[in-house]
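Structures for review follow.
Two complexes follow with chain A in common, the first pairing it with chain B and the second with chain C.
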Partner chain A sequence: MQYLGLQKYSSGERSRILFCYLMLLPILALFFLFRVFPIIKTFWMSFFDWKLVGNERPFLGLGNYLMLLVDDQFLLSMKNTFLYAGASVVICLLLSLPIAVVLAKKTKFSGFYQAIYFLPYITPLVPMAVAWKWIYDPRYGILNYILSIFGIKPVGWLIYPSIALWALIIMNIWKNLGYNIVLLMVGLKNISPVYYEAASIDGAYGWSCFRYITLPLLKPILLYVLVTSTINAFNVFTQVYVMTLGSQAAPGRAVRVLLYDIYENGFRYFRLGYASAEAVVLTIIVIALTLIQFRFIKSEE
Partner chain B sequence: MKKTVSIFTLALCLLVLMSYPVLAKTINVWTGFPELEPFYKWAGAEFSKTHPDIEVKVLSTSLREFEQKLVTSIPTGTGPEVFDVGPYIAIKLIDAGLLPVNPPELDSYLKSGAWSQFAVDYVTIKGKTYGLPLMNGSRAALFYNKDMFKEAGLDPNKPPTTYKELMEAAQKLTTYDKSGNVIRSGLSLRISGGGSGLTEKFRFVLHNAGADLIVPTGDGKWKNGIDNEAGRDALRYYIDALHKYKVDDPQVKHDSDAFVTDTTAMFLRESWVIGEVKSKNPNLNYGVAPMPGWRRHDTLSQPWAIYMSSEGAKSKEVVEFMKFLTSTQAAPQLIELSGWIPERNFDSASLVKETPQYEFFVNPPKEIGFYADPVIPAFDEIQTKIADELMEAFLNKKLVDNPKGIEKTVRKMANMIDSILKRYKAYGK
Partner chain C sequence: MKSKIGKNKKRELLHAVLKHLGLLIGAFFMVIPFLWMLSTSFKPEVEVLIWPPKLLPNAPTYLNFVELFRQAPFFRFFVNSMFISIVSTIVILLTSLVGGFIFGKYRFPGQRFLFLLIIVTAIVPFESYVIPLYTTMVKWKWINTYQGMIAPYLVMSFGIFLMRQHISSTISDELMDAARIDGCSEFGILTRIVTPLCKSSGGALGIFAFTQAWIAFMWPLLIANEKELFNMEIGLTMFQFKFSTNYSLLMAGSIISVFPMIVIFILLRRQIIESISLTGLKG
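Showing the complex of A and B:
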């Protein structure tokens, strides 16, 4: 009892609390089984030459991690993932903030626009990626058709390595813009009008109000959006998988991201140990980003 | 009242259960080729006529999903009794001792003369045979549009026989807009898309140019086989086609999509294209010719086998079903229902009479040789990783008339191949 800190409660209350713990146990067990255990197992496997087929699994120590340091494809995946995450998160945030500010004011079709912006977020990834593959088609794609109206020559969006990753970034921005807008609008609506009234009495309007009232008070939401979007961006996979399938697909190298590399090593070449080492590195990156989030929020408090 | 209803329901359930026939013995068949599903279902239905106690259940998923499902289920004994799988997976299962050696009955059936020695050798690993070759997964040929040949002043009855002729014909067949952009490619090359398919298609040129991705070193080991003149020639062929002679363009349609929509005049591909043309553009006037030659005159011919699980091999019915799937009775149905060519010998006269384009696939000329993927675990990874390198190289205009650039690119790929082989402990000097 004393371990659970229950000695201060009456026996009736203690029974009720114990009952609650008991009821939580199955969920905790499932959480451990499907969340915690795979993470521990992945970490464990990363120290072995663990193949999906076969019984020989020699211990490598840090061998898999050392191989990562000289693996061109892994390093390229890291570079691409950082570029993809960085660009899509920053651009998406910069676009969503002014839109959220406009929509937060009770304009005529505000609800309609919110719904329009939010639609891509709830669209399933696979059909969305297939549709974008068509949008990007150099000859028959609607994007090049629109550009041609302005006299711009057809662009091979998914053909040339220098553009292909940016094509994916554009798609990601399109998908997540609405989600960011909704979150930012919640933050904007929670800012008390009292601050703006006080500011107007002091003669502050427009940009000054935004710079010195809106932005500081929106900071926790901004940070939340920034970090969750970054984590989501690091987990990009489906779009890349779909976009690299088939004969008219994106060049694999140009859009190779970490999860795709993990998938390929683990489930195509059956190198589970090596893929686990990559997954551990990805986990560390994601944890680091989460810690940054906590640190910023704490400093705000 | 409640009690009466409950008793009545229980009695009804018992009655239904008792009247249900004794469950039939099930043979589970898994495939990564959804187009094979109708064939397996037909075979199951036919087999059940002579084996009423057998029920054949077929599961088909996309190739990669199927492979993942298979390699996790076979070791745990929860896999299917019968499955078809590519050599790169089969060899991994064989290496791990997870696939049974053919029982004597299947072994003698395989060696009965129903298959070519090439096919028999392909499923023979260290003197033991595994599974039965079902279909030819990769026998490739030149598909060409006869109307476009006429339009370009070429003889539609004399398709190119060498890669040099192929490029010359492609130049005549390509059409351009006023700005010089390709509208219709003369020769559609596979130049994009992830995965090993791109490398496999590159090997059509590479092999006949005289090189192979990997070559045996005589001690059961392998090394790269592309860091040579033939390897450089093959890459140069692609670069010239795309950037020097502009007979293809990354921005136009490719592959069978292009062929059935009249946006390419020629391309190199497998027999399934015939079915594709039948369904999408039945009026297309086209021919099928042997692969063009260069220093060699071969074609890729990849037997795709069916295998049994260890549990399946213990069942007499499963062994019989394996034989039925590869019987002369099943062979025409395989083409009819899936479009794939049976690997075994069979009477193809009526098929060729109805669809002359099948002629090369079922009766290839004697002067054409065959080659297949080396059956080693590293090969799939080599093909897939080289595909990424090739894709980048194909788009590099700086490689035009640039022997040093070509040499450097090919050497980079060669080093990559050797390093993969080393990791698999399959590298020999």
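Showing the complex of A and C:
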């Protein structure tokens, strides 16, 4: 006991402390094995030429990271991931804000609309990605049919990487719109009506009311939505795997995103050290985004 | 005066009509993938690959669902998904309850550090540390096993955080002391006093945990290499590669995978939306 520095506690407190450790032990073991250890190990592995088999693992220092800088596939996947995250987050926010404003007011069937818009968010990704693939089908898909009504020629949505990226962005917007709406509605409902009353006395209506009262007061939640959906978008993998791979599209022509590049280097070519370096880059991006959010929340308070 | 009121009313009505029109168009865009999926799953094969496509099947048939189970072990996939999700949910509920209770109601050396450690691991996305996790599974020979599939889904930082917030705000120190005087052990406090008071937040967490395990993709993709272990998501993906043109079968499979989530959503819509908005606010 004295080694733990517990002698300053009474015997009752001591047994209670022991109870705490005992109860936490299995939980901490799970956290260590499946969270803490692999996170640290990823950083460690990124400094080596680490393969799945064999014991020879030459130390490379920052070698893997330097190689990333000239790796066309990695750079392409970074570019795609940034474009994917940026475009889908911004468009999704611009679309969800007016809808949230309308639904937060006393609108008839508001709950019904909210549920419909929220539905895609809770449905699993794989079946919906398969459904979207069918919507995007170049020959028999319903999207090209709708476009053909307006005289637009059929588009090979998932065939060309540059168009396929936008097809993925559209699906992502569809999926996350409801999540944005629900969170923004909470923010809007938290704005005290007193502000609007004061504004109407000063003769502010409509747009100026929105611009000078709603937007500034909504800033914390806007930022929260922005950061969480950006992080979410950076982790895109499932849709890409389901929609742009497979028998129709050769793997080389798929939309390359960061997690897919990690997956391929790590589990197809078994370049574990190299893939770890990419994973570290992803981790750093996500941590940076989270820190930005914390900083803003602190300054708001 | 009268005509002015009439004018205002007319304008209000026009406003309302335009608003609902906009909302309905948006809602239509939201549901069309579901409708398209549902309709295709009931179409006979000859009606699928036609131009122009028809929104409703001419001769609806349920045979796609029969064929689906004949061509791939979808029942097995479904049971696997259920099994993995239920085990993961139960263990996450247990670990979150115990962790939340200990971190919320006790003081002990190292408490702040350990809690911070648990929270910080939540910031790092799971997919970015699958590589060492995978090599561990190889070492333990847990590839192609259920325990390998479930292992990373046994704890949830957010769950411990949520339960800690809930327990420290609902269970007072006085209540615990009173229980101690009545001869209740620390463990008894957890099982007899704390647990019954955690039903609602436990329910919200349960939905969260179940969904998270159900939609798991990259991890089972790495661990399950044999058909017998596929969950719905992987099963559907592999099935897709095999029958890439048979959309009526694919849509039938998708319907089955989406179904449990939609049922949960319809039953617990209010609670789900509320819990999402609450967790959103906490950050």
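Going forward, the second predicted complex is superposed on the first by the 267 of 301 C-alpha atoms of A that agree within 3 Å, B and C clash if a C-alpha of one lies under 4 Å from a C-alpha of the other, contacts with A are read in each partner's own complex, and residues count from 1 in each chain.
Everything below uses one rule, namely that a residue touches a chain if its C-beta (ideal position, glycine included) is under 8 Å from a C-beta of that chain, and two chains touch if they have at least 3 such contacts.
If you're wondering where the values come from, they're calculated on a predicted model, not measured in any experiment.
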Practice task
Report for A:Phe270: first if it touches chain B alone, second if chain C alone, otherwise both or neither.
Solution key: first
Exercise for the section: State whether A:Thr244 touches chain B only (first), chain C only (second), both chains, or neither. Expected result: first
Practice task
Using the superposition described at the top, determine whether chain B or chain C touches more residues of chain A.
Solution key: C
Exercise for the section: Could you tell me if A:Tyr205 is touching chain B, chain C, both of them or neither one (first, second, both, neither)? Expected result: neither
Problem - Partner chain in contact with A:Tyr21 - chain B first, chain C second, else both or neither - result: second
Exercise for the section: Could you say whether A:Arg139 touches chain B, chain C, both of them, or neither, answering first, second, both or neither? Expected result: both
Practice task
May I ask you to decide whether A:Tyr160 touches chain B, chain C, both, or neither, giving the answer as first, second, both or neither?
Solution key: first
Handout entry: Contacts of A:Leu52 with chain B and chain C, given as first, second, both or neither
Key = both
Problem - Set intersection of chain A contacts, chain C complex versus chain B complex - result: 52, 139, 245-248, 267
Handout entry: In the complex with chain C, residue positions of chain A that touch it
Key = 4-6, 16-17, 19-21, 23-24, 26-28, 30-31, 33-39, 41-42, 45, 52, 99, 102-103, 107-109, 113-120, 122-128, 130-135, 137, 139-142, 145, 148, 174, 177-179, 182-183, 185-186, 221, 224-225, 228, 231, 234-235, 237-238, 241-242, 245-248, 259, 262-263, 266-267, 272, 275-276, 279-280, 282-283, 286-287, 290, 293, 297
Completion exercise
Residue positions on chain B within touch of chain A in the complex are 64, 68, 71-72, 75, 92-93, 95-96, 98, 190, 192-195, 197, 250-255, 257, 380-381, 384-385, 387-389, 391-392, 395
Practice task
Would you mind writing out the residues of chain C in touch with chain A in their complex?
Solution key: 19-20, 22-23, 26-27, 29-34, 36-37, 40, 48-53, 55, 95, 98-99, 101-102, 106, 108-109, 111, 114, 117-118, 121, 123-125, 127-136, 138, 151-152, 154-155, 157, 160, 186-187, 190, 211, 214-215, 217-218, 221-222, 232-233, 236-237, 240-241, 244, 247, 250-251, 253-255, 257-258, 261-262, 264-265, 269, 272-273, 276-277, 280-281, 283
Problem - Residue numbers on chain A that touch chain B, as the complex places them - result: 52-55, 73, 138-139, 154, 156, 158-161, 244-254, 256, 264, 267-270
